[in-house]
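Chain lettering (A, B, C and D) follows the sequence in which the chains are written, and residue indices restart at 1 in each chain.
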Amino acid sequence: MDWWFFLEVFVGGLLSGVMYSLVALGFVLIFKASGVFNFAQGAMVLFAALTFVRLLEMGIPMLAAIGVTMVIMVILAIAIERIVLRPLVNQDLIILFMATIGLNYFIEGMAQLVWDSKVHVLDLGIDEYDAFEIGEAFINKFDVYAALIAGGLVLVLSLFFRYTVIGRALRAVADDHQAALSVGIPLRTIWIYVWSTAGIVALVAGIVWGSKLGVQFAISSVALKAIPVLIIGGFTSVPGAILGGLIVGCGEKLAEVYLGGFVGGAIENWFPYMLALLVLMIRPEGIFGEKIIERV
Amino acid sequence: MFYREAGQFKTSYKKDQAILPIFQDKIAMVAMLLFCFIVIPLFANDYWLASILVPFLALSLAALGLNVLTGYAGQISLGTAAFMAVGAFASFNLQVRIPEIPFLVAFLWGGLCAAGVGILFGLPSLRIKGFYLAVATLAAQFFIEWLFTHFDWFTNYSTSGVITAPPMTLLGFAIDNPLSKYFLVLSIVVICAFFVRNLARSEIGRAWMAVRDMDIAAEAIGINLMKTKLLAFGVSSFLCGLAGALWAYVVLGTVEPQAFDIARSFEILFMVVIGGLGSVSGAFLGAGFMILLPILLNNLGSLITGGTISTETIAHIEYMVFGAFIIFFLIVEPNGLARLWQIGKEKLRLWPFPY
Amino acid sequence: MKRDFVALDTFPKILKNNAEIYKGRPSIREKEYGIWQTTTWDAFYNRALLLAEGFYDSGLRRGDKIAIIGDNRPNLYLSIASAQILGAIPVPCYQDSVASEIEYILEHAEAKLAIVENQEQVDKLLEIKEKLPLLKNIFYDDPRGLEKYDVKEICSLDVILDKNREMNIDLDKEINKTSKDDISIMLYTSGTTGRPKGVLLSYNNIVSVTSIACEIEKTGPDDEVVAYLPMAWVGDNIFCVAQSYISGFCINCPESRDTLTLDMREIGPTYYFAPPRVWEGMHTQLMVRMQDASKVKLWAFNFFMKVAKKWGNPILDKKNVPILARLLYGLGYFLIYGPLKNNLGLTRVRMAYTAGEAMGPDTFLFYRSLGINLKVLYGQTEATVFVSLHRDGDVDPNTVGPAFPGVDIKVTDGEVFYKGSGVFKGYYKNEDATKETIDKEGWVKTGDAGVIDNNGHLKIIDRAKDVGKLNSGNMFAPKYIENKLKFCGIIKEAVAFGDNKDFVTCFVNIDLDAVASWAERNNVAYSGYIDLAGQSSVYDLIAMEIDKVNRDLSQDTELNDSQIKRFLILHKELDADDGELTRTNKVRRGLISERYCMLVDAFYNNKNNCFIETEVTFEDGRKGSISADLKIKDMNIYDLKDQVA
Amino acid sequence: MSLKNQNLISKSEVIMNIKNINLSFGGLKALSGVSLQIKKGEILAIIGPNGAGKSSMLNVISGIYVPQEGVVEWKGKRRNKIAPHDIARMGIARTFQNIALFKGMSALENILTGRNILMKRNLFMEMLYMGLGRRQEEEHRKKAEEIIDFLEIQSIRKTPVARLPYGMQKRVELGRALALEPELLLLDEPMAGMNVEEKEDMCRFVLDVNEQFGTTIVLIEHDMGVVMDISDRVVVLDYGIKIADGTPDKVRSEKKVIDAYLGVG
């Protein structure tokens, strides 16, 4: 067996895993703060990416474009809170979940209606095929940068959670809604913050993925990839999301390379899910998730 | 106002527990059946039969199946299409292997296989709930889709992966024209609806609803959650499988995995949510809604813009409208059209009094 | 089914016959365990025999009395039938009377057995058993909570009905022994004065009168009636029991008090009797409910009600009506009247009666305008109900109709007398009372003041003894005034004074439901009845109604002086438990004017308010007292010449 | 004084015997060294201040919790871990502190659901609503109706439970438990949050159940007043330890109890 090749696959897996985590982060934020599983995260990635790329195409400088998109995402977050979440505030989580499915469709439709459904090339000035050489293994430069961005984002987020008022507030809510409310933090504002943050995370994910696959409808489906990541890592933990991403990433790559051959390939679509199922059966709350206790 | 119930008293439980205890409802039901079996065939043209009514009925059946699982037993599933696929492929394969099998038997077999697979993927529901479960069913969706695309055995090694469904003949005469297909599908759907209604008002149905409403209490009164949930998965998937077979054989005429992708799963989930969780009529209302809305939008679109509007744009608007409707119903009437219908009925029964 | 009731001259004989000719048809239904459990005529007959057997074994003999206490339950009706088979005399009692009242009746009637509904009644009887040496056994229908009682005299009816032992008495012979002059049933009239008297009714009385009634209304075995009125009241015995015996229709017993309306709706009786207060209650309720309807609905309702008011009665009376009006009425029927009747369970009603009290013409006409053939009858226990009765197409809301077939009516110096086949056999153990009620020619004095108008309709004004004179010398008929007041719907009870006085005054009880909903709509806050009754806005509301009545009275030369000058709203509802009303909810004038004499004085001493404290009895029998300072309000009086716009 | 007339079934036979059990979640002790005998046909009240371990005790009795130490004997046989849904089949039914009705169903359906364990499951017959499928629906409807009649809820038979007032819901839940025809009925704060009349009704029904069906009843409450009236025996818990066990009058007079209840009772 060729260890260099294995290494290459492994590292490749890890790096792509990081990109899953990037998407997963968005889910985690919202789930942590509101217990809502936001199925629309993928659509938000698509929307953010499309907005951003179209702004660029209009000739707006990148930083400005990022800024504007961020603002748009915040507006979107506010709109969602107003129109969707507030009326459903006391409903079962499962209802909220289905609502986000609806939201997912809405945003997907909107994104493509407002912008368009063509494939847009997003060039960050990194050559996709350029790679570092380590021994006989080739590690894709782009993936490395992506990983760095992701890492950076995680760092920023954790700082944000630890050192800002609102960040602490979010943690408080995550730990115990009542407590949070009793210290006088209105749930609504929290939700707006969370969704905005999630939106911005989506933007980052969108940029990264967009420049990898090109900005197109397909990238909304990376959300589906992120779901098993969450299950494995646990819905409530940022490091969990990262780790889950890594596991899924290299898991699927290795499986594809070493098993795929025997079963006609393309197993990365379902392999993560099977992995997730496995985890669910053993530890429903995920590796890092907090145990769910039911009171009789 | 049409309900004149005075004098409709019941002297036995048999009468009191009849499927439609109110006389006026009986009449309405009979009238509707007559309409479906006689009036529609007399007046509907092939376009309506082939591209609206038959698909509508097939999808209603799938929605009915999902409604058993999600609406009655409270177990959400995003893998409906996968179970449909199983139904379609199973019945196809049976017929390919044993050509002399009548297609109805094949359909039944399809349903049974789907039921089996459904129960298999239902197993996680014993440990996990809510959207965790939804995820488990997503796994089914992707896995099965993949299975049928990558193993030629299922597609009988046809090169394209797209295969035309075998012809159907019932008691000698072929079911090939829209009308005969309509009758076929309609009969199957009506029977299934009847069965589901009966289950819903029997011991099993109550067990399902108990699990849905308050599983701890359900356990405390001796309901075996595992058996009950798996039964729900079984019955639900059976119906979905049947629907899948119909979809492939009758609607498309071809058996192809692409017809059962995740989008279909969501479509059917939407039907159930919009139509109404936990009601038979909901499945039909929802399906009707989901089928008619696009057509409506198309016509509106071309009407307003005079045909200049691109189908793509319309598709996008469709997306938004569906999404919006889901949210709207979840907010305004989580029990969907069926509930609205029911409220209306209540009002009629109380008329002219407001309460 | 036409039968001559010469051979079949007693209920046992008729029942036996019914068991043959109506074999398999329902005779009595009871809603129990969620469905209408039905007993057929033959089954009913056989059970009756079984029960009779059991009664015989426990010592019931010809001529003995047997008390029946409880709500309308099939087994209680069955007990009556069984007793009659043995030639014993059933004595139904009001199920809500207190132990002492029951004690008096059972003691006076020398009851040997008591058949009661449930634990509540058993407890009452055990309370007074010592004082009733003659009372041998108590049988109960509903065993709930009675298993643990170990009193040898009490026993469940089921014990008898389940046992099937060999007959040691030939019941056929017993049945044949019964003759038309035997006493069929004994009913105690809760007299507005003094102790109740036991009215003896023979089979001849009941059969003859009832068969005529069935003739008039063409009742048949397909009719349905809901039994909900007290079994001790003559009406229930005639309208339900007797008529179902004669024409073979089915009696339906509701599931419980609080499901009555529901059960009414399910059964949809074809034949419905209700005292005015029930009709009025239904009407008020209906109007209150409609208040919350949407604008459109309300508009449609009001519009079509006008239509009905205009054309409903002519159509009902088969007068000829313009085709357009018919169409409009038809539409209204589809949209409003039909559903309305249906919700009240009156859709199938062929004939509807009211009696006992005067009924507000508006309410009366309201129901008729909906196409409900509501008719007034005037009757008495002593007459086996029927004295006079409205006929189809000849209905006048202000009268009680022409004389009942076979009944003669005469009015001598203001008081109504009658004679006919229904005239009772006498009061039990009370010769004097009997003598002073029935004179030698057999005329019975009703004690009611009335007149016969020019289309031969009888018109009741008041209790004869209540009719007094004002100091002006004009007639003073309190009841007449009180009824006029009560018709307005917001006044539940009224008591007028004026005999030997210069002017008329009255007490008022507001109708809590109606006034409360009024208060809601005009957001008047209140804490309870007393508070609400004391509110000056409520006083004004009542004053308006009284003013209407005064204007009305001022038109009548006779009653011009009877206009109400002063009134007050009582701080408590007049209540049968406090003896202020009879069990049939008639006001006990004398008692009231004694108990509240200080208020009456206040009226005529021009005081403007008066403090009063009264003792009251609560549901559970506890006593307490409530007090209030009552305002007295003055009204203005109209002269004859005043023309009303 | 006790409302119950005492000339009932002799309450000697022990149907459940709990020998000094210890129960703890993670670190914290819920019950320590509690022993308790439940005698056939009695009404036993377990009372105690909040956090005294009443609910834990109830869950031990019902079998949802299995104590780390100690023995629970059900009808003389030692009982080990059992599946939650088998508890009902053992003849133990319960109601919940905060109503756990099936909101999507009518009162009648809720009670019928209580009879599910007494029904046979047959997919096809129920699907066709024929044969057994229909027959058992009708037979058990009769039973359910008897309970409805017993609890005097005829007027709300077909009302969705969600629309019922609190007191009525509690009554329906009791009905659902009775539908199981249990030998042992566990009531978790049956009077919690009721007004006076509702409480009186509930008491009446509890007593009637006990008298007419001879059902053994264990109820936990922290409102002492009511309990003292209806129960034959009272057990008092405090901080997971049994501090008193005996007739209401006896218990009421015990110093420990008074201290534990200072201000509460």
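Note that in this section a residue touches a chain if its C-beta (ideal position, glycine included) is under 8 Å from a C-beta of that chain, and two chains touch if they have at least 3 such contacts.
On a predicted model such as this, the values are computed, not experimentally measured, just so you know.
The chains that touch both chain A and chain D are B. Between the interfaces B-D and B-C, more contacting C-beta pairs are found at B-D. The most distant chain from chain A, with centres taken as the mean of CA atoms, is C. Put simply, the chain closest to the centre of the protein, by Cα centroids, is D. Chain centres here are Cα averages; for chain B and chain D they lie 41 Å apart. Each chain gets one centre point, the mean of its Cα atoms, and the points for chain B and chain C are 58 Å apart. Chain A and chain B, compared by their mean Cα positions, are separated by 33 Å. Remark: chain C and chain D have CA centroids separated by 46 Å (rounded to whole angstrom). In chain D, the residues touching two or more other chains are 141-142. For chain A, residues that reach two or more other chains under the stated contact definition are 296. In chain C, the residues that reach two or more other chains under the touch definition are 34. Listing the residues of chain D that touch chain C in their complex gives 5, 7-8, 108, 141-142, 145-146, 148-150, 152, 154-155, 157, 208, 211-212. Those residues of chain C that touch chain D in the complex are listed here as 32-34, 144-145, 147-148, 255-256, 258-259, 262. For chain B in complex with chain A, the residues that touch the partner chain are 76, 124, 127-128, 130-132, 134-136, 138-139, 142-143, 145-146, 149-151, 216, 262, 266, 269-270, 273, 312-313, 316-327, 330-331, 334.
Against chain B, the residues of chain C that register as touching in their complex are 29, 34-38, 224, 265-268, 289-290, 292-294, 297, 300-301, 334-336, 338-343, 345-348.
Per the touch definition, chain A reaches chain B in the complex via residues 37, 83-84, 87-88, 91, 93-95, 97-99, 101-110, 112-113, 117, 224, 227-228, 231, 263-267, 269-270, 273-274, 276-277, 280-281, 284, 294, 296.
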